[in-house]
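Below is the structure I would like to discuss, written out as structure tokens.
Chain naming follows the written order as A, B, C and D, and within any one chain the residues start at number 1.
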Amino acid sequence: MSEQEGKSKFQRFIYIVIFGADTKLGKLFDIGLFIAILISVVVVMLESVSTISEKYHGVLYTIEWIITILFTLEYILRIWASEHKKKYIFSFFGLIDFFSILPTYLELFVSGAAAFAILRAVRLLRIFRVLKLVQFIGEASNLLRSLKASMNKITVFLSYVLISCTIIGATMYVIEGADSGFTSIPRSVYWAVVTLTTVGYGDISPVTPLGQFLAMILMILGYGVIAVPTGLVTADIVRQSQNQDARKLLRTCKGCATEIINPEAQYCHRCGKSLSDKK
Amino acid sequence: MSEQEGKSKFQRFIYIVIFGADTKLGKLFDIGLFIAILISVVVVMLESVSTISEKYHGVLYTIEWIITILFTLEYILRIWASEHKKKYIFSFFGLIDFFSILPTYLELFVSGAAAFAILRAVRLLRIFRVLKLVQFIGEASNLLRSLKASMNKITVFLSYVLISCTIIGATMYVIEGADSGFTSIPRSVYWAVVTLTTVGYGDISPVTPLGQFLAMILMILGYGVIAVPTGLVTADIVRQSQNQDARKLLRTCKGCATEIINPEAQYCHRCGKSLSDKK
Amino acid sequence: MSEQEGKSKFQRFIYIVIFGADTKLGKLFDIGLFIAILISVVVVMLESVSTISEKYHGVLYTIEWIITILFTLEYILRIWASEHKKKYIFSFFGLIDFFSILPTYLELFVSGAAAFAILRAVRLLRIFRVLKLVQFIGEASNLLRSLKASMNKITVFLSYVLISCTIIGATMYVIEGADSGFTSIPRSVYWAVVTLTTVGYGDISPVTPLGQFLAMILMILGYGVIAVPTGLVTADIVRQSQNQDARKLLRTCKGCATEIINPEAQYCHRCGKSLSDKK
Amino acid sequence: MSEQEGKSKFQRFIYIVIFGADTKLGKLFDIGLFIAILISVVVVMLESVSTISEKYHGVLYTIEWIITILFTLEYILRIWASEHKKKYIFSFFGLIDFFSILPTYLELFVSGAAAFAILRAVRLLRIFRVLKLVQFIGEASNLLRSLKASMNKITVFLSYVLISCTIIGATMYVIEGADSGFTSIPRSVYWAVVTLTTVGYGDISPVTPLGQFLAMILMILGYGVIAVPTGLVTADIVRQSQNQDARKLLRTCKGCATEIINPEAQYCHRCGKSLSDKK
């Protein structure tokens, strides 16, 4: 039983180190993990560059295996240490952890260059693990919250954009035709999106005067309309930050628990108790 | 007469199902319509891709006819169910509904590839019918309202942009000349718009040092000036959302109907009646 | 003397019609002027398109002369009607008015295609006269005011951008070299501006991995930094519009001329006089 | 000792002239320095243009040496005049001052075109000295402060952007393959950054329908997501400017030093003293 208890204590200690970032060891673990992920991502990227992968194949292969074994150990530890094992395994990060070690083992059994390339690219999913660490930074949740708050509006806005691009793309398909590169409606819609978002590759561009005129209108509209989602998101963030500011100024009366909005008040306007902390 | 009444009841029922989205059947109808529109749009797009339309011509043709017949039935039902038939037929969506079924029938009588392509593209107008469904989402009206509120300012801004582009385009036409692709003033204005809106296809780009210098100034100006419409729209949206917030905090005295702005007030500042709801 | 007086009255009448936009005739005159300017701009543009100017040379030539004579008459009337003639002649719009009729007359004496092209382009300055009409729209002054208010900040921001582009351009010149199109530092700075402003023509683009890496950093920085001028301008506009709102709510006590900020107040907080208008 | 004192006085005078901008001489010095820097930067740029450097080599060489000698004198004066010599020498601007005169002297001993080009480019670091002068403009610090305040958020945002670009780049590498120009994962990530930031060179662009579809999603996402950093920065700036406004309205009671927030108050709400300045 004491063995059991000891195991349990050790388990909790491992849990705090691996999953938390409040202890010194936990922070060290996170930094080590961060470096391992970065190295692993760089290795995957370099392997895809033919000149490098031919020259340093041995080195990259070795590093890849060392990191995969480290990640496998970490994965096993995470399962062992967590109380709700199933919940961890099937959580977003649990699946990422699993799929980021799987490809290296699979490569032992797989043959064929195409399948190889895909497996290697899959290993890049490891980069999502960085998000696990980013979570500890307070700003991240703020950012996500303001994105979520405006998600509805942005979705509606983007559906308008998509509808406009479809109609304009189809019009350009009729006006310009296959000779200018507008070979089909999907391709023309692709052009319209490339133009409206101001990316402008130039792989397809209008040639006829009428097409160029229509393109000009599309561009100027895009230039004027981009302001709308920006305005919506900004207004949301301004409101949020003002609410936070207002909340910081709020004091609560110790006598009657009323919220005191007036920052000049010295006595509660409800029960008359003094608001100063010194007394 | 009872038959008349029965018809009238049935008519109103159909009206609620087709035009509304509050009943269960109405929602189901809208979802079905949405799917039909999407399928129809995809079919039109795929037909324009030569490799696909050659292979699956029969399938696409069949789906197109099924959807057209469904849309025709819906169109007839809409006319029959609506009380002010003329008003519906000549409304924006009435015309869209009509023109989205017309091309398929016309194709039976029309010959010639060009006319064919145009007719097929016209069928894409069906995508506007999605807007009918988007209307039910509350955010859409918010978005449109904030766009409309800033429309005046954006128009003035865009006319400044157009005037600048004309002058700069003409200058580039003089500086660069036909050898660099600036073959005419309209084409140079097209280039200026492509540059100022940061689309930058690269189909025309300055070659002479003086031209590149002018282009740099244009780009940097465009970079600094884009902030203005964004600022105008954002300010409008911020003001709107603040007004909404302020309106939410407002309470109305039940005694004298005065608007109570001070959120701390417990008694009406005009008639002295208590503002708490509990009492 | 009565003749003198009659002339003076007629002069003032002409002045109001030409320079103002408050009377019916004044508005009609402005609309006519607007149409004449647009026609004139379109004619200049079309003349530069070789296929059109060859075919319709006679027509364009005739329209150009009719409009030039009309503009000349207008110019003479403006000088005659204005009290401070010198002030008008040397004002911005006076000079524009002069230089927009000059080229057509000069073309009679000038020979040589290049000088011709320049003279024709100069006629496009007429488009600035549209601004004279835009002035009457209230929004324009608002827009200009908010641009001016942020001009200082935007200038400082743009000088930072230019300094960054110079340093980055020089670095790319060293890294990429003449083979990738980075033939000189000015050209590399041009590339840096094209990239940072997200125009991205693609006429010059990095080829070496190191150059592409640096370009990536430049792009992501540009993506993050564009937010700053937008933020500055927006903050200015938000502040302006809030001040305007606040000013609308302000009432002034009729007894002691104190500004009443509290919108709920019924009596002046200084002299006790009732603020209601009804009494 | 009087000599020592005289030297000390002269030293302080030089210090005020060189480092300050409050005296007339100090301003003159700054303007002269600004012009010298600009000339020097232009000379470096022109030297890199082969056609110009061949023609005017002698002139550029002479100007370069005159400016370098002036800068050397200034550098020596700066060291001599500053009290904490080491602090100045190893400060950011001290190092810039040193490295902006070094290359010209080094060129006397160095041979080889590549090393030459680099040395010449290094001289462009002089442009950073302009920042020393920009510092005196009040707006600059405002701009930097608002950038710093949002730095955290922007960093988190940009790391999200980078992670997305990596994943999307790898996916495109698998989908498009080497034939479309996506020859390696780093190159594909480069493409993803070029696209998401809406630069869009067009040196690499998707060719397969699936790749174009993915690119469209990436572009539309980028279009919607750019709003977030703008919103964050704007909200920060709005808050800052509102705080500044609020601080301007604040008055302090002369009797008890309480901050008076209510702009309508005539008597201190704490000690009852009159707030009017006239009395």
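Everything that follows uses one rule, which is that a contact is a pair of C-beta atoms (placed from the backbone, for glycine too) under 8 Å apart; a residue touches a chain by one contact, two chains touch by 3 or more.
Composition by chain, UniProt nomenclature: A, B, C, D = Ion transporter.
Please read all numbers here as calculations on a predicted model, not as lab measurements.
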Interface composition of copies chain A (Ion transporter) and chain C (Ion transporter): same or different, split at half: same
To test your reading of the model: what rotation angle superimposes chain B (Ion transporter) on chain C (Ion transporter) by C-alpha positions, in degrees to the nearest 5? 90
Computed distance of Cα centres, chain B (Ion transporter) from chain A (Ion transporter), in Å: 29
Whole-Å gap separating chain B (Ion transporter) and chain D (Ion transporter), where each centre is the average of the chain's CA atoms: 41
Residue list for chain C (Ion transporter), restricted to those that touch at least two other chains: 49, 157, 186-187, 189, 198-202, 209, 226, 230, 232, 234, 236, 238
Can you list the chain D (Ion transporter) residues touching chain C (Ion transporter) in their complex? 41, 44-46, 48-50, 117-118, 121, 124-125, 127-128, 130-131, 134, 137, 139-140, 142-143, 146-147, 150, 154, 157-158, 161-162, 186-187, 189-190, 193-194, 196-203, 226, 229-230, 232-234, 236-238, 240-242, 245, 263-264, 266
Where on chain C (Ion transporter) is chain A (Ion transporter) touching in the complex? 49, 198-202, 209, 230, 234, 238
Residue ranges of chain B (Ion transporter) in contact with chain C (Ion transporter) within the complex: 152-153, 156-157, 159-160, 163, 166-167, 170-171, 173-174, 183-187, 189, 195, 198-202, 205, 209, 212-213, 215-216, 219-220, 222-228, 230-232, 234-236, 238-239, 258-262, 269-270
